[in-house]
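Some structures to go through are shown next.
In the two complexes that follow, chain A is the common piece, with chain B as its partner first and chain C second.
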Partner chain A sequence: MNGTGTNGLSRLPKKPSRIKHYLTFIIVLWMVWGSAVQTDSTFKELFTGLPEMWKLIEEMFPPNWQYFDNIVPAMLETIRMAIAGTTFGAIIAIPFAVISASNIVKTPWIIYPARFILNLIRTIPDLLLAALFVAIFGLGLVPGILALAVFSVGLIAKLTYEAAETIDPGPLEAMTSVGANKIQWIVFGVVPQVAAHYVSYVLYTFEINVRAAAVLGLVGAGGIGLYYEKTLGFLEYDKTNSIILFTLAVVLVIDFISTKLREKLL
Partner chain B sequence: MIELRNVSKTYPNGTKGLNQINLTIGKGEFVVIVGLSGAGKSTMLRSINRLHEITDGEILIEGKSITKATGAGLRRIRRDIGMVFQSFNLVKRSSVMRNVLAGRVGYHSTLRTVLGLFPKEDINLALNALERVNILEKAYIRADQLSGGQQQRVAIARVLAQEAKIILADEPVASLDPLTTKQVMDDLKKINQELGITTIVNLHYIDLAREYATRIIGLRAGEVVFDGPVAEATDEVFAEIYGRPIKKDELLGEAAL
Partner chain C sequence: MKRRIWLRWTIVVALVLIYVWTFAGIEFNGIKPTAGKITRSIFEGIFSPDWDYVYLPDGEDLLRGLLETLQISILGSVISAIVCIPFAFWSASRRGKSKAASGSGKFVLSFIRTFPELVMAILFTKAVGPGSFAGALALGLHSIGMLGKLFAEEVENMDSGPTEALIATGANRLQVLWFAVIPQVLPGFLSYSLYRFEINVRSATILGFVGAGGIGTPLIFALSSRSWDRVGIILLGIIVMVTIIDLISGYLRRKLA
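Moving on to the complex of A and B:
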């Protein structure tokens, strides 16, 4: 039947089996259901919780506009934390990126430990990092800045070394042939090819850090997060709402500027 | 003077890239190396400044062994050997000037070059080099704004700024059109004659080789099968090098020459 079908073709290509798609669907469904059972979450609970949620939202509106005056300094602090943390991180990321790129350093026992450290850093959530640094340095801005710096190193170095590994090897060969030493080779061959990517990743990390910095205060690492905790604790949801709206506005503006800058760069 | 003594290259998989090559190339010669793709032309050229390692034999540059050189010694020898590549190998995001000045890094301290503090003489040297290849007006333009032929001339200017005593050109015109090919080859020839720089060029086109070379070396399967002046390089000789009669695509065409 299949051989000479009604369409007159002598050999029809075999249709790929759909069983893989069905299986994927079943497995995903099973995982969702299993997770729900294990965590005791049911739709019933969701529905009984709805009025409570609605009450919270009602209490949030209208936002307490006067409260803005109180949180402006904290918001500025948050942004400063993000700037300082990103800058320190970006600087420390440079040597890490260089020793992690396999086309720059040819020694495996340098590359793999460096990459391992970067992977390790990225597995630690920034809130945990901040909590750790608060335990070491006490409450305030310093632990927040350090947490963001460490997080930034992991992200910027990883993205940059991956970009460095895709650069045109031609100019590197040319630098070798003119008798450049390793540092000259990197500065003249690698840096001009990676610089724009690097700056773009720093801006991108800054965007993420502004958002992260907004919650670091929850663990006592300074910034606007402290006020989240305070207003939520006193059940002053109208004030919480002001903070949320303010944070949203700041993040949107910074994201917009950063995205525009990055478009120009690449 | 460049001397290759019993130079061989065997790849890890056992393929012979170069087989027992003995050559002496004198100062000021314009040597063209011809052969089929895979005959070892590029491997041989890149062995001379050790962009490729050889597995046997020795290569001497002005009496010094580059094969045995390491570290600063190796960089010092490389500084005297300029290289021009098929794909130009400029940093496209940098200006023409910075690309040419990159040829000077071997002459100065790391700190000075990293900070971009090239002395006035170097700037003049770079500008003169650009003038010699007729591209001075592009000095402060980004390299990716230039056409292929212009980029190759910048690459030649880099070699000139390097004050190299030897120029190695690996298929320098393979990605250029016939007219630009002629300009670039004329530049190389002019530099060879006016400055007495020993020049070794890998070429695909037979008529181009005859036009510019003073000496032709034919490679076949990693061995030198012909070495002599242009006058001796007859069609029969080329057929011998290629292992078959010459085809039309191995000629650039009279129109361009």
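Moving on to the complex of A and C:
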């Protein structure tokens, strides 16, 4: 028997078990391996694909600069679509944000259904919404705008109600104590505290929507995306490259402006 | 005070101009007369889905489509989580490192981020042939942009104490990496990878639109052949899968934090 103090080693704390880590690692490895096998993803395939890829890139350069004249109207259409979609979404998001914030509305059976709808909207990718709306309304800008609007509602309302829940309760209590009604309470107590956040989230959503709008045309919802199909279908990769470069330039410029504005706001 | 009023008016005028430009350019040819009917059929389809499609003994059913979608997103996330690590260290601005190095890294990452992943998927289907592998590669490459940025922030926020202590005791670079850097950044890296995985699951559902595998392929077929009950069950399947993945991943991320 080891006397206390005679054998220092036995008094060292036991090392924490690593079994959990190893198990996690093995499970992740198994999942990755399984996925690779099931989807036929092998390094061999990648390496046989690489020369193809290189050929594609070679054909893409130099970009067809003349083609820009053809795609400028489509690009403007894309931006219009993003602006309109974000605006409609931002407007519809306001009531949703109000009824989802637990410090504004105190009735659980209003808050939870509202949040449930928002969660539901956010599970559906915007391109999928666009495909659905194209099926309903036919080709054109309208389905694209609607898809972006629905997607924006989910995002803006969620971010805004979360911002609204962290506001300072002081002004609200003061207004309650002087007898303000619910509308006054929201307009003078909540709105001034949330407005800057809300505008910033709208701009952020606009950035996302510009990117999304650029590909919505692939499912027939208008904008520059239509031209990907056109040029790729005819194997005119230099033109595809012009579209890609143009999109990148527009997205970067809009991102830059929007980020600067957001920095000013907050 | 006067300046503020001016500022306000400039913003209002700018906004009005933007909206006039926007809405003047949008052609609205009215809604198709069949729109109401189709909407009704879609809703009917969603509320009375084609349950038989959930499992078919001989291939091409909902469960297999969803599983393939998941596999694409797992592969894509793992590829990007590994490939983005050098990018993250490249673009992280730390003391004693030139601004040019981290700046160029940040630019490359933002370039990758702005490249639409669906276009990437199209290009990969041309390179490795249509199918899930093209989708996984597209997700993997596109995710580098966001993951690299988030990982770089994690590296920037790292406490330099342990690293300095180890160097002071004469540890070599590998030991510093293993005992000071990795333990600090690993939880963050894992948490961000899971977050990106959630996003990738959503993206993977639409890769099939351009022939890059997953549940999007049967969905686009169902949409174009107007079999709304099948559209309904696929939508339902996507919503359920995304919700479950979000719950699991959110739980794991809370444990990591």
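Quick note on the criterion: the second predicted complex is superposed on the first by the 239 of 266 C-alpha atoms of A that agree within 3 Å, B and C clash if a C-alpha of one lies under 4 Å from a C-alpha of the other, contacts with A are read in each partner's own complex, and residues count from 1 in each chain.
Note that in this section a residue touches a chain if its C-beta (ideal position, glycine included) is under 8 Å from a C-beta of that chain, and two chains touch if they have at least 3 such contacts.
None of the values given here were measured: they were computed from a predicted structure.
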{"item": "Superposed partners chain B and chain C on chain A - clash or fit", "value": "fit"}
{"item": "Chain B or chain C, by number of chain A residues touched", "value": "C"}
{"item": "Which of chain B and chain C A:Glu45 touches, first, second, both or neither", "value": "second"}
{"item": "Partner chain(s) touched by A:Gly34 [first = chain B, second = chain C, both, neither]", "value": "second"}
{"item": "First (chain B), second (chain C), both or neither touched by A:Gly140", "value": "second"}
{"item": "Touching partner for A:Asn181 - first (chain B), second (chain C), both, neither", "value": "first"}
{"item": "Touched partner set for A:Asn119, first chain B, second chain C, both or neither", "value": "second"}
{"item": "CA minimum distance (chain B, chain C), superposed complexes, angstrom", "value": "9"}
{"item": "Residues of chain A that lie at the interface with chain B and also at the interface with chain C", "value": "none"}
{"item": "Partner chain A, residues of chain B touching it in the complex", "value": "49, 51, 72, 75-83, 85, 87-94, 98, 102-103, 105-106, 110, 113-114, 155, 158, 162, 168"}
{"item": "Interface residues, chain A side, partner chain C - complex", "value": "31-32, 34-36, 38-41, 45-46, 48-50, 52-53, 56, 76-77, 80-81, 83-84, 87, 119-120, 123-125, 127-128, 131-132, 135-138, 140-142, 145, 211, 214-215, 218-219, 228, 232, 244, 247-248, 251-252, 255"}
{"item": "In the complex, chain C residues that touch chain A", "value": "18-19, 21-23, 25-29, 31-32, 35, 38-39, 42, 67-68, 70-72, 74-75, 78, 110-111, 114-116, 118-119, 122-124, 126-129, 131-133, 136-137, 202-203, 205-206, 209-210, 213, 216, 219-220, 223, 226, 231, 235, 238-239, 242-243, 246"}
{"item": "Chain B contact footprint on chain A (complex, rising order)", "value": "168, 170-171, 173-181, 183-184, 187-189, 192-193, 195-196"}
